[in-house]
Each structure stands twice: as C-alpha cells, then as structure tokens.
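Each of the next two complexes has chain A plus one other chain: chain B in the first, chain C in the second.
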Partner chain A sequence: MLEVLKPGLETSIQDWPGRQGYLKFGIPWSGPMDDWSFRLANLLVGNAPGAAALECQFIGPSLKFQRDGVFALTGADMQAKLDGRPVPAWESIAAKAGQTLELSFAKLGARTYVAIAGGFANEIVFGSRATFHKGGIGGIEGHAIKAGQVLPVAPGSGAPGRRVKAAARPSIVADKRWSIEVCRGPNDDWIDEAGHRRFVDTEWKLSSKSDRGGYRLEGPDWSFTERAYNKPPEHGSEPGNIVDHGYPLGAINLAGQTPIILVNDWPDGGGFINPYTVPSCAFWKLGQSKPGELYRFKVVTVEEAQALAREIAALCSVASIEQ
Partner chain B sequence: MIYDEPRFLPGGDRFLEIEFGNELNLELNFRAQALGQAVAAEGIRGVTEFASFFSAALVHYDPDAISLADLERELRRLLDTVTAADDLEIPSRLIYMPAMYLDPWSAEAIDQYIARINPNKERDPDFVARLNGLEDARQLVRVHSGTEYWIAALGFWPGTPFMMPLDPRCKLFAPKYNPPRTFTHKGTIGMGGGATAMYPVDGPGGYQIFARTPVPIWDMQQRLKPFKEAPYLLRPTDRMKYVHITREEFEMIERKCEEGSYEMNIVEYQKFSPKSYREWVATLDLNARF
Partner chain C sequence: MAHEVELQTAGNMWKVLVKPGDTVKAGDTLFIMEVMKMEVPHEAPADGTVAAVNVSEGEEGLDAGFVAVVIE
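So, the complex of A and B:
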C-alpha cells in the first residue's frame, strides 16, 4: 500500500495496452504514453510488462510506503529521493515501511513511471485498471491520484539491484528537438504536394494546449487537393471537414488549420481529416516531450513502422534486465 | 457517392480505415454495421476493435497476428458475403427518449453565446428552420421529432450517439457553430451537418441546439436499469424516437433518474431490415414535410 502525500501534476494509474475493445462505444484505450519506459519499469520489479503502475507528468508525487516493497523508476528524470537521499532510475530499489519516495519536476523528459512489485490492485473497469480521467473511468475513483488516498498494491516479490541495460533504454533528447516517425494516411490524398512538403520541412512546436487526449502543434497553414473542396455539403464547409469518421490513435487530426496528434485518451471520431498517423513506435517520444519542444516528422511506410515497433517490443523483455 | 469498391486506408502501423463512400447515406452505415457484425461473429485473428462511423469503419489489428494484406483480404471476403445477403437483419432496440423541445436550457446556452461570442448569431431553432425552408421553429420541432433516428456510431465522447433520421421527410441540415460554444448542458440535443447528437455531459459544443432530455446517456453510477451492464445507454444500430415532454415532466423525470427509479421505455423485440426499409422509402414523397 502506498499513501499519497502529494499527488504531483495529474499522476495516474495506467496499465498497458489499456482498455481495448470498447472503441465502438467511444471509450479510448488510455494507458501509458511512453509504453517503452513503462514496460521496463514493470520488468525491473518482476511484474508482467503491462501491470498497473503510475504515470507521473511534469511534476511527480510524494508517496509513503505503508509496508516494505520494491519499486523502480523509468522515463523522465524527476530527481527522485527516498527519505531525502537521491535514488537512481532504471534500477529496482527496496523501500522499507514508513519511507517516503519524493519526485520533483521533470529535468529531462516529461513522464516518469513508478512500478511497484505486485502492481497496483485498483478495480478493473472494462478489462483495465488504466485511468481515463476525463471520462471518470478506471484508476482510483476514475481520476488522477489525490493527496490522502491509499493506493492498493497486490502482493509481489521483486528483487532490488536489477538494472535496465543502457542499450535497452529510450534516449530522451536533451536539445528539445525530436524526430517523430509518421505514416501517410488515412486521408493523405486531401493534402496537396506543397502541403505534404511543408509538413515534413517544418519544425512543429508542441503547444501548451496539449494533454493526454491531444497534442496541438503550431506551424504553417495547410493546403489541399481538389478532394477537399469538391465534396458533398454534408462533409462541412471547411476544406479539412469530412463526414464524421473514426480516428485512429496517433492520427494527426486537422482541426481547421491546427494539427492535433490524437494520443491515449483520444476522442475516437469526428468530422476532421487525418492526413498522417504517428505509429506506435514513436509514442514514447510524444510521452517524453514537453510543450515548447520541436517535432520534425519523418515519413516511414506501414511495414517500416511495424518493424520499429517490433524492435522496441524486443527491448521490453527480461533480456534487457541485468542483475 | 457510394464506391463500387470500398477504399482501405491504413492509419499508422495498427489501424485501418474502410471508407464505403463519401456521402452521408444510411446504406453505407448499414454496410459498415453489417461488416462489423460479421467480423464479431467470425472473429478475425488479431482484430481487437471494429468501430463503424457514418460511411466508414475503423479497425484496429495486431500486426504480429495478421498482416495488413491478410486483414484486407479477410475483410473483403466478409464484405462480399454481407453485401450479397439480401435478407440481412440487424438487431436494433427502439429507445423512446423524453425530450423537451425549445427548452429554456438550450436557450440559455444560446443567449450566453450571443452575449459573449457572436452578437450576430441567429437563434438556433429559427436558424435551422429558415435554412431548411420550414415555416418556423414549431415546424422544426414537428419535423425533427417526426422520425426514428438510427444510431450510426458512438464516439467523440464515451457513449455519445451520432444519429441519422430514418424518415427521409425529416432530413435536415445545419452547419456547426464557428467558433464553437463554450457551454452546453448535459442532455442537450442538437444537429451538425446532417447528424443529430446528444451531449452526455456538460461541455463545449458545436451543434445547433433546440431540445434537451432529462435522461442520462452516460452514467458511471449506473443508477437506472438499462445501465446495469455498462455506464453507456446506447449501442450502435439502436434506434431513438423523441417523445415530447413539458418542463414539469422534464423536472419529474430528472428527479426520478437521480433516484434511480425512472422506468425507461426500450423496445427490444424488433430487428431492422434494410430491405423492408428500402421498400418503404421507395413509396414516400421525398419532398413532403410534416
């Protein structure tokens, strides 16, 4: 059991791959944004890679252990301390009952994952413990953790001193410039060649109006093909309007002229086109970037994106853990 | 336009969008829903999500279980069988939804928008009536409530229905707000494009609004009987019929919903036959209005 002394900025319980199978009722998956770091955190403490763990965003929580336990931190560097002493990330650590784990602001990266041996044992809602806080589903009472709550932990048997090999860790960029893989489509034929060139030639700025549902990007205007203008009226009046359709996770959704990358708590349908989609292999980068940082997009094929996801999946295994 | 061959449009490494046409046409949704049923019944290896929208469907697959090419091939095969089936029937509940048309809460949200955002905004009921060549807001109420609505999709927000009128004499069109409204009451009913939708929670919105229901369509507390299984009331391929209520009835029903004692009127014995529907539509004067 972990007692929440300070909640941090929207810290939530997530599991991986989240709440799948309910998209036709409008319920998104949720789950950790950087699923690479998340899976490794669980493996460090002897859990299944998808077990429920904490996602801390930008400013981490302070948590008090109510009984002995083994935990691990991965992802962003939030300058963690256990009873005031700095503790390393990417390594499993033993904590005694009564000790306090204190996370501060994210120095490098944006999201830190806290896994605890046994995993969190909050209620399963629609097959998942993940928090979808805008919809009030999952987690603790449907929302981010709050001060005074006690987070239930299942019994587990983790060992301290296990480390993630350096080569298996995602490398968070220090210069605030990210290269993000994208695939063309589903609606790439609504954008003209100049628009596509502008998209890949631009350094897009991640807007502060971003959250776990969508990442807004700031950059130049888009230009369109004939398809965007010559269409039945039920599509809507703007060139980027289309008859309401489903949105893939990762879609770069063109709301008017503003591209919004749809991330884990995404609205799964609506009336805007999606000229590009960020594949799963690049989600960890979205999870670790902060507003104000810059994205340059690199177009890959569907097959290349699938191969990159397999490379990450191979790294998220016990083979990446050393004693 | 209804495409002869649907378009298969990949969305990243694990999604596929199937586009059946580029117009708002019930036939396209029937096709999408029928394909979704066939996928659920047969089960395609690696497919974990199938969500139909108006004229398209979104599929999620696990690329380690099935390749994109194999997925397309499987979907085409199932699509051929459902397209060929002339006697297709789709399970469809009929939900009688109490609604107060021209209600004071929508009026309040519109007033707020006019006062704070756009002083030139014509009030929604008058605007939609005029745009559709109707006499006045009263006729808008008759026309809008004169049909069963087909729930073509749920989405955008959990449990939010996107609906189309089944009676072609009740087809209406309304552009979305630009810029959007910052506030809409939970339960508000409105239109955007050719679709009718309801707001499951208080929030911003872009639809033209002119009615409100006291019955929840999303309730995490699951107080009413139809919510026993899930916090959402509606399913794709359900139908909805609005039943006029007064303000007094609205308040009474709202109270009963909060207590958990409201008895919802949901009819479950029917199935929807696209073939019978087509035959009926063919007998109608499409220019008639109620």
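So, the complex of A and C:
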C-alpha cells in the first residue's frame, strides 16, 4: 500500500498494453506512453512486464510506503529521493514501511515509471487497470492519483539490487532534437510532393497544447493533391476533410493545417486525413519528449518499423536485467 | 535571505502575477505555467519582496530548474 502525499502532475496508474478490444466503443488503449521504460521497471521488481505501475509526467509525486516493499524507477530522471537520500533509477530498491519516496521535476526526459513488486491492485475496468482520464475509466476512480489516496498493491516478492543493463535502456536525447520514425499513409495520396518534402525537411515543434490524447505539432502549412479538392461533397469543404473514418493509433491527423499525432488516449475516428502514422517503435520517444522540443520525421517501411519494435521487445525481457 | 523560485516543469509561461518590488506572503501564487494543457501554479516559499522576475508571459519552451523569481 502506498499513500499519496503529493500527487505530481496527473500521475496515473497504467498497465501495458492497456485496454484493448474496446475501440469500437470509442475506448482507447491508454497505457504507458514510453512502454519500453515501463516494461523494464516491472521486470526489475519481478512483475510481469505489463503489470500496473505509475506513470509520472513532468512533476513527480511523493509516496509513503505503508508496508515494506521493493520498487524501481525508469524513464525520465526526476531526481528521486527515499527519505531525503538520492536513489538510483534503473535499479530495484527496498523501502521500509514509513519511508517516503519523493520525485521532483523531470530533468532529462518527461515521464518516469514507478513499479512496485506485486503491481498495483486497483480495480480492473474493461480488462485493464490503465487510467483513461478523459473517459473517467480505470486507475483510481477513473482519474489521476490524488493526495490522501492509498494505492492498493498486490503481494509481490521482488529483490533489491537488480539493474537494467546500460545497453538495454532507451537513450533519451539531451539536445531536445528527436528523430521519429513514421510510415506513409493511410492518406498519403492526399498530400502533394512539395507537401511530403516539407514534412520530412521540417523540424516540427511539439506544442504545449498536447496531452495523452494528441501531440500537436507546430510547423509550415501543408499542400494537397487534386484528390483533396476534387471530391464528393460528403467529404467536407476543407482539403484535409474526408468522410468520417477510423483513426489508427499513431496517426498524424491533419486538423486543418495542424498535424496532431494521436497517442495513447486517442479519439478513434473523425473526418480529418492521416497522411502519416508513427509506429509503436517510436512511441517511447513521444513519451520522453517535452513541449518545445523538436521532431524530425524519418520515413520507414512497415517492415522496418516492425523490425525496430521487435528489437525493443527483445530488450524488454529478463535477459536485460543483471543482479 | 533570498529565495529562488525555480520552474518545476518544462513548458510555457501562461501568467506572471508579480513584478519586482511587490510584497508577497508565503503561499501566494507568483506565476502559472502551462504544460500539456495543465496549469502549474508556482507559489512563494516565504514572505518577502520580489527582487527579480526572469520570465514573461507567453514565453515558450522553458526548462525546469530555471530561476524564474527571486524573493528577498
């Protein structure tokens, strides 16, 4: 059991791969944005990689252990302290009942994961413990954690002193410039050649008006093919309008002239085109970037994206943990 | 004794509520940041006089840890 002393900035319980199978009812997967760091945090404390753990963003929480436990921190560096003493990330640590784990602001990266041996035992809603804030589903009473709450933890048997090998950790960039993989489509044929060139040649700025539903990008205007103008009226009047269709996770959704990457808590459909899609292998980078940071997109094939996802999956295994 | 108020998060400066020379009490809101559609108010850690304000409204891409306000 963990008592929330300070909640941090919309700290939420997530599990991986989240709430699957309900997209037809408009319920997204949710789950951790950096699923690479998330899975390793769980493996450090002896949990299944997808067990429920905390996602802290930008400003971390303060949590008091109500009984002895083993925890691990991965992802962004939030300068964590246990009873005032700095504790390392990427390593399992034993805490005694009564000790307080205090996270500060994210120095490098944006999201820190706190896994605890046994995993959080909050209620399973539609097959998952993940928090979907906008829908008020999952987590604790459907929302981010709040001061005064006690987070239930299942019994576990983690051991301290286990570390993630350096080569198995994601490399969070320090220079605020990210290279993000994208696949073309599904609506790439609505964008003209100049528009595609501009997309890959631009350093897009991540807007502060982004959240776990969408990442808004700032950059130049888009230009379109004939198809975007010469279409039946039911598609809508703007060049980027299309008759309502489903949106894939990771879609770069063109809202007028503003591209928005649809992330974990995404809307499942609507009437804007999606010229590109960010594949799952690049999601950890979205999860670790901060507003104001810059994205340059690198077009890859679906096969290349799947190969990268398999590389990450292989790293998210007990083989990456050393005693 | 001078108190430095650092930004608790990366993000944008939404509202700056104090100017140099203002008298503040501990707990008064000095400025409000905006990150990922969330407001993050920053409060005065102690009573005093605002000696410096190093941020302005509308600034974007600020880094956590930057000393935004100094109170003496």
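Heads up, the rule we're going with is that the second predicted complex is superposed on the first by the 323 of 323 C-alpha atoms of A that agree within 3 Å, B and C clash if a C-alpha of one lies under 4 Å from a C-alpha of the other, contacts with A are read in each partner's own complex, and residues count from 1 in each chain.
As a working rule, a residue touches a chain if its C-beta (ideal position, glycine included) is under 8 Å from a C-beta of that chain, and two chains touch if they have at least 3 such contacts.
Fair warning: this is a prediction, and the values are worked out from it, not measured in the lab.
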item: Which superposed partner A:265 touches (first chain B, second chain C, both, neither); value: neither
item: Touched partner set for A:231, first chain B, second chain C, both or neither; value: first
item: Contacts of A:136 with chain B and chain C, given as first, second, both or neither; value: first
item: First (chain B), second (chain C), both or neither touched by A:106; value: second
item: Which superposed partner A:15 touches (first chain B, second chain C, both, neither); value: neither
item: Which partner reaches more residues of chain A (counting touched residues only), chain B or chain C; value: B
item: Which of chain B and chain C A:245 touches, first, second, both or neither; value: first
item: First, second, both or neither for A:280, with chain B first and chain C second; value: first
item: Touching both chain C and chain B, counted on chain A across the two superposed complexes; value: none
item: Of all residues in chain C, those that touch chain A in their complex; value: 7-12, 34-38, 40, 60-62, 64-65
item: Residue ranges of chain B in contact with chain A within the complex; value: 1, 9-15, 17, 19, 22-24, 36, 48-58, 60, 63-64, 68, 153-160, 162, 173, 175-176, 192-195, 220, 230-232, 235-236
item: Partner chain C, residues of chain A touching it in the complex; value: 9-10, 57-59, 104-107, 110, 205, 208-212, 290-293
item: Touch list for chain A against partner chain B, complex; value: 20-21, 23-27, 126, 135-137, 142, 183, 185-187, 231-237, 243-251, 267-271, 274, 277-281, 302, 305-306, 308-310
